[in-house]
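When the chains are written out, they are named A, B, C, D and E in that same order, and each has its own residue count from 1.
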Amino acid sequence: MEIMQVTGSIVCSQRVPGLAHQQLRVLRTSKGKLSVAVDPVGATVGNWVFTASGSAARFATGDADLLTDLTIGGIIDRWDPDG
Amino acid sequence: MEIMQVTGSIVCSQRVPGLAHQQLRVLRTSKGKLSVAVDPVGATVGNWVFTASGSAARFATGDADLLTDLTIGGIIDRWDPDG
Amino acid sequence: MEIMQVTGSIVCSQRVPGLAHQQLRVLRTSKGKLSVAVDPVGATVGNWVFTASGSAARFATGDADLLTDLTIGGIIDRWDPDG
Amino acid sequence: MEIMQVTGSIVCSQRVPGLAHQQLRVLRTSKGKLSVAVDPVGATVGNWVFTASGSAARFATGDADLLTDLTIGGIIDRWDPDG
Amino acid sequence: MEIMQVTGSIVCSQRVPGLAHQQLRVLRTSKGKLSVAVDPVGATVGNWVFTASGSAARFATGDADLLTDLTIGGIIDRWDPDG
């Protein structure tokens, strides 16, 4: 999974049916790369999150038919040097 | 999903049967990388879109047998700092 | 899918059984990165092609058991500013 | 698989159900890129490990329903010039 | 598939069960990136090989349950300008 920060959302009136009414979040990696993810955990702008990609992204939404390749898996509370 | 801009189309008379007669769009990321995607939403040149890759790309076409690894998932209307 | 140019072929006497007797093409992206792909469309050196990766690459060969992660999907005839 | 070094753990109180109570490790590649992985082998900070990504990451946890795209596959004891 | 060169092996006493007793090879791309792959063809250090990634990597081992995301597909004998 990747570590990314939530920077906003996108609005798309024309989109494929398979995404239902999921909100689409814009995320940024520490190197500045932007991606779009489905958000089942309710992250807000500024949150650091980890994301699941590939086929795991579909299962992570709780609805395996949802057409995403990137899903927020959790909001990072803290980062320990050793867990 | 990735954010890309539509820059044109490609024409291929010789291609594998599994793509049917889908139109193939040329997309460009903000860093200039070019990719080819199937377009089920009817984007036009200049549109910013988000794309699904991997196995999600096949489902996103509405025909899971279609042989694509990148499909346009929606046209971006606007980008909110917080959705 | 990615846009690549055919630059040659590789010959491998020792290889895994799952590739059958498929010819293996060497492709180059516009940035110079080299990859190896199965070629079901009969491309020749110098052709610009688009390629399917991941699980779509297996289906694109017409034989879903073929063990490839990159397959040539079509030869690009021309590139339109808008298709 | 990739070679990475364990640098710590992350704590996430809000996360998707599909990750169960798996511990999430933060890994770093030799180029400094950070990723998050499920750890079924019990690695500690400083260990060099190899990781499986994609659908193999789910199977590697021993529970194919676990929603991960990166799993530690083993701790590297030593590196031989030729094995 | 990617073109890589075999540079050695890794030894891992603690690893996930799904890799059985497969030997793990360390490979290097022309740009110096290192990866770890399962080797069903018996490559030796210095050999140039091509590798299959993703779900194809599991099938390429001849045992689809093997937990790898990179498998050596063949040893490159020679490289023709046109095959």
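The definition used in the following text is that a contact is a pair of C-beta atoms (placed from the backbone, for glycine too) under 8 Å apart; a residue touches a chain by one contact, two chains touch by 3 or more.
Keep in mind that what you see is a predicted model, and the values were worked out from it rather than measured.
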If you average the Cα atoms of chain B and of chain E to get two centres, how far apart are those centres in Å? 31
Chain A and chain B have mean C-alpha positions lying a whole-number Å distance apart equal to 19
Multi-partner residues in chain B (2 or more other chains touched) are 53-55, 57
Based on the touch definition given at the start, go ahead and assign the chain network to line, ring, star, complete or other. ring
List, in order, the chains that make up the ring, beginning at chain A and going on to chain B. A, B, C, E, D
Touching chain A in the complex: which residues of chain D? 7-19, 23-26, 34-37, 44-45, 53-55, 57-58, 65, 67-70
What part of chain E is in contact with chain C in the complex they form? 1-3, 30, 40-42, 50, 52-57, 59-62, 71-83
